[in-house]
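Each in structure tokens, the structures are laid out below.
In the two assemblies presented below, chain A is common to both, partnered first by chain B and then by chain C.
Right, the complex of A and B next:
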């Protein structure tokens, strides 16, 4: 068991280290793509930049799930919905940048609306020609959904498996809704054929480099946020709610609000991840709402180690790199491999990769402390517990 | 507060009612205004089963009361009703003489000053002893305040004080999960103190403790009772005798007998349903 004492000391160091690594990757990878000539041994090809940019978004998504699952104990099986909503908000902005370059050449209506014989833009598409408006919507749409959903679910004290099931139902319902053409989000095909973002061609290496760097910065900010929340008194409260929700109530806390705050913040993070993902993959469609996607996020987080900060990031990157490699070799067996991985981690590494490593490190520290204690016995117990107020 | 505390020091209170008197009157003795807890005519049933049946119970400010009774007598359910976990079907439940507890929920009741230790010790196992106490400390309760809160010197002082009172100082930075059963009970009592409540409801504090720990706990509770009102539920008659306070025996959801320990343990009804078994 990791004591809070070690956690506090160890965590800050880990957070700083991971921030440095993330930002270094964010700068070095695009630089190696843009600045080094194609033949250079350290040159990073463009498709790798796109691929790893996608992984960074997945990592942010896994981190957002970790905030609710790892810290507050809410197993959301619908986090893909918040990711997809952020993605759609960004997709709507990108659609409106196409302008007359669409197949039908309509200056305001996206192609699919012309195809459906719509005469004017639905009201909920207005404003999306402005980047700032879309950027707000990227956070507001998932945040609002999470707030309203959480308000009802947490206040009626829905917990555990039941909560997981209704989050899954939520993303499934949204998938069905977005599949319908008359919802006005492009139905089956979703939103695609993007041309520009902020006036820059979405295909160019420079834009891709900027998107990669933005994803790395977003991930770093996510790490900072989760780290700061985790270290605050609110962070302790989150863990308390996770471990003994009822007890917090009898101490005078309102666990439903503790959950609501984390759930909403987490949904906003997931939305931002989705918004950065869409321009890098060039499409958003209702498939992103698929329940299986949300379950995959849970697997990444479990593999890396929930309740740790870098665990979900490592899990998301490793599993997705594995997926890319595996689907290249045996495409039809990937789901079996994923299932087997999940079972193996649950059985052999219940704390995940990072959780297990931290556990080992902590045990080592305690062993050392015990040995030191043996040697300097006469110090007395008071001397071994120096700690100032927080 | 000090007068009542002094009165408590007297082992044989002159105004203790006998069980027969309580049963005969059917109404709790005394005025609601003089009480810190006042339950009258309270009933609650679960799927038709009456767990609490026309229960009347009152506690004066500064008083410590021991509650005994066979399994299923409704002792824990009574605490559930006081703390807002269970709503009574009928009856009055008042705190401080004038606050109707049936209109408030658990967090509201807790912040009013009613603290509770559970029958099964529940501490936050993912946290250290120190963090458990810090979370219990009265004060910051809103989300936004807790985001920015830094521990104050006063809070630090209170934690150190509670650690000493509960003899957990040497375990301050130990994870609560690795405490012994008895230590967890003590930590939970410490968390209760940290809340600085007016009333402490303590459900089976010595279950699973060694004799030495039990004696220590009695000492601790007597100490706490000097400045708080306390209700202690316990099966351990030796421990109850050690507390040296008025005893209420519950049976099938209502008061069977009430008075001094000698009076209650000599009551034939109590012997029949509880002690004689």
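Right, the complex of A and C next:
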């Protein structure tokens, strides 16, 4: 078993702990919502389930960015595009499920197509009435885009800020494209008014609970994947490419393939996050492609700590919880807070919360070991632990 | 008359009487004569029954050549000319309801009221309206002001009417202004096309129309009544083809102009970035907000001028220029000293931090000025447009093109010929060596960044003229600016110029085929592919230092 192999390779206990926590949340929160009566002190209201379900998708998205940025050193400013593509694939399935319940009651054409006077379904919409097809497209569309984009970019050794800027241009171009009505994706309004998923009403608490659990499971799988990759030999190679790309190349490796693999895998993860996000918020529109959204993903990752596994998850949840709280209490100050967060994190907390905490923990361990050494009770090589590479 | 009046001031009363007696009495007499003739002609409008008769009467009125006839003819097309039932006098009426105000058809003075029942309307149809238009054209052709005559001639070209041929012929022989006479010749040719003239005359007219060119010539040739004569048909077809071809060239020119105009906007937006990103290597995502600050400075200056110094309103742009440079420049200076200098050598972090700064700046402006669009008006010397052949050029676009080139030249001078520019280049090329030579590199960094930001602020002044001034102004330019700088080659001002202009022109040439949005997408995709081929841009700096 692959999982068994990874486990034998030695998954960090932090990862196992976080897997347990994520799955526990995934089961306990919906359970508290469904099983406990409304008056119970531990009852979780439905809107909280929806909100945290959204955060879990964001966490998976941040984790996918962490895979490319934290481990391979590619700062993608276009990850929102992969997220949105996955979301659109799911949205197309959900649109087809509406059937005759739309405003115009057309059995095959979604409302916006009837409105635009289209007579038949465009070819790229066919197949989306099947869930399995949509599920494949959720991964295939972002993965393929990332593969093609990465193939060209990494092969011609576009690196650093240039790569960041062209990923930003990519998501910007996609945003412009999806805003067009002629594209056949609902234009400005995007896809919305979903009715049900796999035959279950999208509004019901049970469906929401299932979606929440799926998001938690997807996030756990993401953690497992990134953790296993990070611990594997391939993970070492990724870090090597991040820290000294030229040296890795001189050693006979092909950094472009390492990057391409990480970029594509990360895009697929982002696509899955988008697909789980759309049924929970009930809409997908071209605004998701906005370059600003993609940069926000970067700040979640940076706040939590890039290059760590739980960092991006914590960062995504903290920043978004902060955003929800801020926009509720003082809406006009949210951008000030977000801007200040960008500046403060880059200036004072470049490793992020988790990175800094781990650094502090390591330093503390070393200090203790040194003190023991001083007291003449030297009992182990703990002090020679190398510091984690940046 | 003026001359005479001035003479009355200087000369004696006796002299005045003499002059009046000699000079004025004949002209007074002719004025009275024409008055009578005009009134008679106008009376004809009311006397005749039937549209054909009415048209003849209109021609009689027009043939008086009296400019005052324009009033009654204009009122006729509006349906405001009535015949008084009791005496048959022709009047112009105004007002609504049962009781109408009557006006004298010649002078326009009010001459009392009458109930509607006591008035008969002089009815008109489309053919009468055409006659009136032609007659009016003929009348204004006799106006004293060449501009009015020119407008009249243009109207005649647009609405060719064989009936007005006589009036045009007369006007041509009287005309002294060459440009107006040319327009009149074209009008005559147009009228001939629609008349039953013999083939030779019509072919000559087609030739004239062909030389006139333009969309109008094309429409005249298309609308021209079919002729049984093969020669005329052939000539018309040839002329249409040749006009079409010339229009295509003009269309090309127009596209190039739009492209250059868009390119100059891109250049303005990107040129500051060419300094901060191109020369210093700082990824300044707050660059667009510097542009926005410049635009808001312009808005503020304009508001101050409007409320406190209305006389200087037209000067608000020149006043705003240095202020915008100072505002954006000092914000840039503070940004460099406060944030960016701690992040040198960490470009990705710089990107994030400056993005944060851009959010803060946007929100500050939104809090101060409100989220809605602010209007910055064009000063009078920048509004309007003029025609260059078939290319229409708006003044504000022309000014922006010129302005962008001037800013570019000044910047080039500043970098290549000033002491700050010398130190800037030294620090970029070899920081440690420059420091060893006694250059205060941190200070140069700060000034360079302030210069780039200040230029962005100046760009904001110009862009406020063509774009909405809103807190989001900058975000619209940031990606385009980066594309221009990267495409042109980082660290190369000439590359930025060429990249901006070629991207602008490419965009405008794609638009007719692909539409505005798709055109933009195609350009973006092209740049993304281009960067794959040449990661260092069109004009890459060579050398090892660049790769570091």
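Everything below uses one rule, namely that the second predicted complex is superposed on the first by the 356 of 390 C-alpha atoms of A that agree within 3 Å, B and C clash if a C-alpha of one lies under 4 Å from a C-alpha of the other, contacts with A are read in each partner's own complex, and residues count from 1 in each chain.
Following the convention adopted for this analysis, a contact is a pair of C-beta atoms (placed from the backbone, for glycine too) under 8 Å apart; a residue touches a chain by one contact, two chains touch by 3 or more.
Small disclaimer: the values here were computed from a predicted structure and weren't measured.
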item	value
Partner chain(s) touched by A:257 [first = chain B, second = chain C, both, neither]	first
Chain A residues touched - chain C or chain B, whichever exceeds	C
Chain B versus chain C as contact partner of A:347, first or second or both or neither	second
First, second, both or neither for A:16, with chain B first and chain C second	neither
Which of chain B and chain C A:229 touches, first, second, both or neither	first
Which of chain B and chain C A:242 touches, first, second, both or neither	first
Chain B versus chain C as contact partner of A:170, first or second or both or neither	second
Chain B/chain C common contact set on chain A	none
Chain A contact footprint on chain B (complex, rising order)	83, 106-108, 110-111, 115-116, 118, 122-128, 130-131, 134-136, 138, 140-141, 143, 146-153, 155-156, 170, 172-175, 177-178, 191, 195
Residue numbers on chain A that touch chain C, as the complex places them	75, 77, 152-153, 155-158, 160-162, 164-166, 168-170, 172-173, 176-177, 179-180, 291-292, 295, 298-299, 302, 332-333, 335-336, 338-343, 345-347, 350
Of chain A, residues touching chain B in the complex	1-5, 229, 232-234, 236-237, 239-240, 242-244, 246-254, 257-258, 261, 381, 385, 387, 389-390
Of all residues in chain C, those that touch chain A in their complex	283, 285, 339, 342-343, 346-353, 355-360, 362-364, 366-367, 475, 479, 482-483, 486, 517-518, 520-521, 524-525, 527-529, 531-533, 535
